[in-house]
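Both of the next two complexes hold subunit A, though its partner changes from subunit B to subunit C.
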Partner chain A sequence: MPKLIIDNREIEVPEGIKVIEAADRAGIYIPRFCYYAELGAVGACRICAVKFVDGPVKGIEMSCMINAQDGMVVSTTDPEARDFRRHVIEWLMMNHPHDCPVCDEGGHCLLQDLTESCDHGIRRYKGKKRTYVDQYLGPLIQHEENRCIQCYRCSRYYQEFAGYKDLGVMGIAQRIYFGRYAAGVLESPFSGNIIDLCPTGVYTDKPSRYTGRRWDYERVPGICINCSLGCHITVSARYREIVYLEGRYSGKVNGSFICDRGRYGFFYANLEERPRQGRVRGEDVPSGRAITMAAQRVKEVSESHGAAAIAVIGSGRSSLETIAALTHVCKVQGWRGPVLFDSRVSSESVRTAVSCIAQELAVSMKEIESADFILTVGADPINEAPMLAMAMRQAWRKGAGVAAIDCRSLDWPFQFEQVTAAPDDMADFLAALENSETTVISDRFVAQIKSIAAKIRACHRPVVVCGTEITDSKIIYGAAGFVKAMRQAGQEAGLFYTLPAANSYGAALLDEIGETAEDLIERIESGEIKALVIVESDLWDTFSDRQRLIQALEQLELLVVADFMATEILHRADIIIPTLSIFEAGGIYVNQEGRAQWSPPAYAGGTPIKITGQGGHPPRIIRPDIPAGDISPAWRMAWWLADRQPPASHDLLLDWMGKTFPVLEKAANFTSEGIRLYLPEARRKTARETGGRKIQSLGEYLLLPVAAVFGDEPMAQRSPCLEGYAKHPEMWMAASDARLFDASDGDAARLQLPYGPLELTLRLSERIAPGTLIVYRCPDLFWQQFARSSRFIVPKDRIRIEKKA
Partner chain B sequence: MQPIIVIGFLNNMKVLIEIAYALYMGFYTTLKNLFRGPFTEEYPEYKRPLPARSRAQIILTSDPDGQERCVACYLCSAVCPVDCISMQAAEADSGRRYAKWFRINFGRCIFCGLCEEACPTSAIQLTPFFENSKRDILKMVYEKADLQVDHCGKDKNYNFYAYAGIVTKSAGKGEHVKEEKPVDVRTNMP
Partner chain C sequence: MLPETYKSELKDRLQKVGNPREMVVDVMLEVQEFYGWFSDEALEQAAVLLGMSSLEIEELATFYNTIYRQPVGKFVIHVCDSVICWMENGYGELIDHIGKKLGIGMGETTPDGLFSLLPACCIGYCDHAPAIMINKTVYGDIAPAKMDEIIETLRQEK
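This part shows the complex of A and B:
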């Protein structure tokens, strides 16, 4: 390990790192524009010049280009080095367009900071400035190319790191240009990171354009809850609304970056239609009053029909605190629930995954980057857990092989080998890979499976990524078995599941029964349940039969809905109780790896000033409280509903959680690093064949709604800026099946389903498993009707294809 | 005569003269002012012209071409030591950044002038007008319309949007002061 001296400070660093990184480790900041830890060094900007006073290198050199070596003596403050950097800033500023006051980067701009710190104030060059024409890059990113200093961070990130090609560098000499070949919406669902990366204001956040300066924001380190990965983010709030989210470094989860769903999925917290007042039978009341009235009505129902006539529904988008509170309240009051899963299949899959994963098997997302082979089974990272695709790409860049067993036409930003298998066959393929038992699979695949099996066997750190949306518990169990077998054979194999919601894992930890909304509806129909309390869940959006749902709800004596979003089911409630979003209440979310992470509140809540002031000046009223600042977090509400007193503070709540739930024992000692939570051995499940009819004959098709990166997740779906990103209703079919229909790509498909016809655009691919029809979930489509609870099978005569004109 | 007696006599004389002089000056001043006109300026009947740079009531001035000058950059609100400026920036259809609302709480302003010093567009300026006491505290809170004036104030010439590189209705890329025409990325000519 080389030992060197930087600014009189001696430091020992690992072999092969650059001087600039060594300085970072010693706590010495060397100016940089092009260097970025995750992107590496290119030596494009020359601002990191330092003086090498003694040792193997001498003189002024770029600290990002020279490896730290033994015996180096480096000075960052040497007059010669400072003078050099001052000149660099001067030439970088030569063409700068003099628009800091109207630039959104101003206030957190690296170029601004370094210009200041290099003491460059007056432009001495008297010539004219170079200008560029900007491009429209979509609704998320604003382009202002005049401000570019040619550091190449954006193009290196976009093309090398993320693997998309539609943004890059063009031109020569003084005229190089960073942008797209032609104006247009950026294709990558990871595009927002160039906003964080660009050291100047070339790319700025469009939805929050001109909203404010960073120094005015309330900023907290948060956790993204738009999928199960729990990436680290920084939340910025101002004037009682969330302004924007940025990626925040995490050495365990996401590295520095986040996906666009996470970056822009927060607008639900700002929307005007969000419930901010209690409502009892159509009349607005303070939220506290709504809770008391709900508690009273619940008590009445309980007195007349017994406690078991009351049921509670929660969901995986609630915090662990809320889930724990609901679980506790139901138990002590004798209420049914909380029901935390939408469908039986999802309940089974998620709970199987959580019971299979154990500390020694689980790998973090960051560890995936150093895997040397990745096998995915029924998982589509880019759509189900976007940043996982980035982690996989980094592994692939380092030489890892990637193979996927899936029935979809997967589209990932790196090379991989796909084994096209119908959902029913995936378990067999997995088994074939594990024990080279190839008799169960079709001959066509034997060679491919054998070659993949050989590759996996030859590597040291293979990872199995297994989805839980289109797989059943047998596959999920099989994936864990495969990993265990590899570990026994001496490989450092890792297991990685993706789950449907941010806190699905937390729900599965606390829910021992796994009851689902379907079960509840049946009990409502049979008259067993008379009152329903829905907390942060939208039955309307998740239940597959709306007619049946409406009828069931009408049978209820009481429907209480508590939520922080304006869901559909809210309109049918007798009593509405507003709750707080993660940005106002904070919350613990357990990601798919079992890592429980705390996201603190970003602001105190209340109706945004934009709404109270109707876009203009804030109202000229002096009042001691915040408008709509009286809303309580759902966990408090849970206790009050049962007419009990909640723990007085969040710390006491954590203490209580640790004492009440053995799986949450560690919660009392929660650290900012997060804690890892796993089910105890005794609560682990064993594999179970889950029902569902298999495809019998050639004349039948399995209709499968699958995740889409945009337009699917219930929170991000409400962001106005993401509206155009949702997919159009499309149905993907195997090319071989299409021949039976004499159909071609782009034709119109019309499905005759029990709840009415469905119009979709037909898309064909060789990689779709025959017998499967894939529909990406999108808001324009009532896909819920064929959600997996029923394993929706469509006979051939129900499918009509109309040739495109 | 004894020399000591002479010295004592002279000392007493000096004291007497001093006393007489003081008495004379006192009466003289009184007498003099007895016949002079009053010195007080009758405010508010008479208002003394204050230097243009004296610091009181704040205005938001206009560009030489009459358009709104403030670009809602938040620098004045950031520098204000008593936090009495607040605003919300927005983008106008013309491409200009402007203040959707802008509020100064004069109940708090200490007329330090730091906002004016920080302003990159010469929009916010302090004026000599200081007579703004109000009976109602809320009336001390000035909104944008109360602050805006239709002249340039002390800076008659500066027009930020003539220099800044961003595209507005008044100037496109390459049309601002000291700008080249936009580069053609697709040419190989030097």
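This part shows the complex of A and C:
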């Protein structure tokens, strides 16, 4: 390990890192524009010049271009180096407009900071500045090319790191231009990162334009809950609303970047229609009053029908605190629940995955970047857990092979090999890869499977990524079994599941029964359940049979709904109780690898000033409290509903959680990287054969609703700026099946389903498994109706194809 | 639209090279030859043929100075705009002279569509500075009289 001296400090660093990174490790900041740790060095901007005083290199050199070597003596403060940097910043500033006062980057602008710190104050250049026409890049990012200093971070990130081809650099010399071929919405679902990356104000956040300066905001480190990965973010709040989110570095989860769903999926917390008052039978009441009345009514039902006539529904979008409180309250009160899963299939899949994850098998998302082969089974990262696709791309860039067993026409920003398998066949393919047993699979796949198996055997750090949305527990077990077998064979194999919601893992840790909403509806129908308490869950959005749901809800004596979002089910509630979002209450969320992470509150809550002031100046009413500042987090409400006293503080709550639930024993001792929680051996499910193959006959089609990055996540769906991003209703069909219908790409497909006809645009692909019809979930489509039990079979005569004009 | 024969011939050639990107410059020049300049239509067709995004082609097309993203005259006069030519006596007057002779400024095309005038960074003919390049022909030791002669000859040729 080379030892070198930077600014009179001796440090020892790993072989092969650059001097600028060595300085970072020693806490010495060298100015930089083009250099960015995750993008690597290119030596384009010349601002990181330092003086090499002694050792193998001498004189002024770029610290991002020279490897740290033994015996180097480096000075960042040498007069010659400072003079060099002063000139560099002067030329970089030559064309830069003096529009800092109206630029949203002002206040957190790297160019501004380095211009100051490199001692450039007076402009000498008297000529005309070059100017550009800006482009419309969509509703998320504002383009202002005049401010560009040609550091290339955006184009390198966009094309090399992220793998998209619609933003880059054009022209030469003084005409250089960063943008698109033609104005238009950026295609990458990771585009927002160029806002964080740009060292000046070329790309700024559009929804929060002209909202404030960074020092105006309440800023806290947070955790993203728009999928199960739990990426690290920085939350900025002002005037009682969230302004914007940024990526925050995590060496275990996401690195520096986040996806656009996570970045812009927070607007549900700001919306006017969000419940901010209690409501009892159509009348507004203070939130505390609604809780007391709900507790009273629950008690009445309990007295007349028994405690088991009360049921509680929660969800994977609640914090671990809320899930723990609901679990506890149900147990001590004798209520049914909490039901934390939508359907039997998802309950089974998630609980199986959590049961299979163990300390020695799990890999973090960041570790995936150093895998040398990645096999996915029934997983579509770009749609289910977007940042996972970025991690896989980084592995691929370093030479890792990627193979996918899936029935969808996967579209990822890197090369991969797909084995097109119907959902029922995926387990067989997985088994064939594991033990080279190829008799169960179709002949035409044998060569492909054998070649993939050989590639996996030849590598050292393979990772198996397994989805839980279109897979069954047999596949989920199979993935863990394969990883175990590889580990026994001496490979450092890792296992990575994706789960449906931010806290699905937490739910599975606490839920020992795995009851589902379907089970509850049956019990409501039979008259067993008389009162239903729904906490941060939307049955309307998750239950497949709406007619049945409406009838069941009408049979209830009491429906209490508590939520921080304006869900559909609220309209049917007898009592509405508002709760706090993650930004106001904070919360622990356990990501899909079992990493429990604490996201602290960003602001105290209350109705945004934009709403109380109706867009103008806030009302000049002097009051001691915050409007709608009396809302409680759902975990407190849980205790109050049972007429019990919750722990007095969050710290006491964590103590209580650790003592009450052995699996959460470590929950109170958090580090910034979270803590990994696993099910104890005794609670792990053992593998069992699930039902065997379900026979699907010829002329029948399995209709499968699948995740879409902007289509189905309940929180991000409420962001006005993401509205145009959901896919239009499409149905994908195998090209070979299309021949039977004489159909071609772009035709209109019409499905006769029990809920009425469904109109979709037909898309064809060779990579769709024959006999499967894939529909990407989108808000315009009542896909829930065929999500039931994930096996919705459509006979051929129910499918009509109309030729496009 | 590009002729189908060209497209199919190109497809064969692309199959022979390992990576279609290797042929980007050739394709841009050939397509430009067909259209007379590298129009949006030309660019978009080249992108499809090469399996690249329009932006990726634009990145290259706007980098090279003999790919013309705007219509140009039949003869494109690239006047060297680099340090060796600047050092020659009378360089400034020569530039003024060419402009006056054609009646256009740098970056413009004569109304009859015959000549375009563009500056070029070094064209590698420094030993015969000042130098110009017209389409694919390089001319050295240019003086106003010689320039007139060249222009007249080309006018006859048209």
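We take it that the second predicted complex is superposed on the first by the 796 of 805 C-alpha atoms of A that agree within 3 Å, B and C clash if a C-alpha of one lies under 4 Å from a C-alpha of the other, contacts with A are read in each partner's own complex, and residues count from 1 in each chain.
Note that contacts are C-beta pairs under 8 Å (C-beta built on N, C-alpha and C of every residue); 3 or more make two chains touch, one makes a residue touch a chain.
Every value quoted in this text rests on a predicted model; they were computed, and no experiment measured them.
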{"item": "First, second, both or neither for A:V446, with subunit B first and subunit C second", "value": "neither"}
{"item": "First (subunit B), second (subunit C), both or neither touched by A:H617", "value": "first"}
{"item": "Partner chain(s) touched by A:M170 [first = subunit B, second = subunit C, both, neither]", "value": "both"}
{"item": "Touching partner for A:Y210 - first (subunit B), second (subunit C), both, neither", "value": "first"}
{"item": "Touched partner set for A:I513, first subunit B, second subunit C, both or neither", "value": "neither"}
{"item": "Subunit B versus subunit C as contact partner of A:R180, first or second or both or neither", "value": "second"}
{"item": "Which superposed partner A:G106 touches (first subunit B, second subunit C, both, neither)", "value": "first"}
{"item": "Chain touching more of subunit A, residue-wise (subunit B, subunit C)", "value": "B"}
{"item": "Partner chain(s) touched by A:Y132 [first = subunit B, second = subunit C, both, neither]", "value": "first"}
{"item": "Subunit C-contacting residues of subunit A that also contact subunit B", "value": "170-172, 175, 177"}
{"item": "Subunit A contact footprint on subunit C (complex, rising order)", "value": "52-56, 58-59, 62-63, 65"}
{"item": "Subunit B residues touching subunit A - in the complex, by the definition given at the top", "value": "71-75, 77-78, 86, 88-91, 97, 100-101, 103, 120-121, 138, 141, 143-144, 160, 163-167, 173-174, 176, 178-186, 188, 190"}
{"item": "Contact set on subunit A toward subunit C in their complex", "value": "165-172, 175, 177, 180-182"}
{"item": "List of subunit A residues in touch with subunit B within their complex", "value": "97-102, 106-107, 127-134, 144, 146-147, 170-175, 177, 209-213, 215-216, 239, 610, 613, 615-618, 620, 622"}
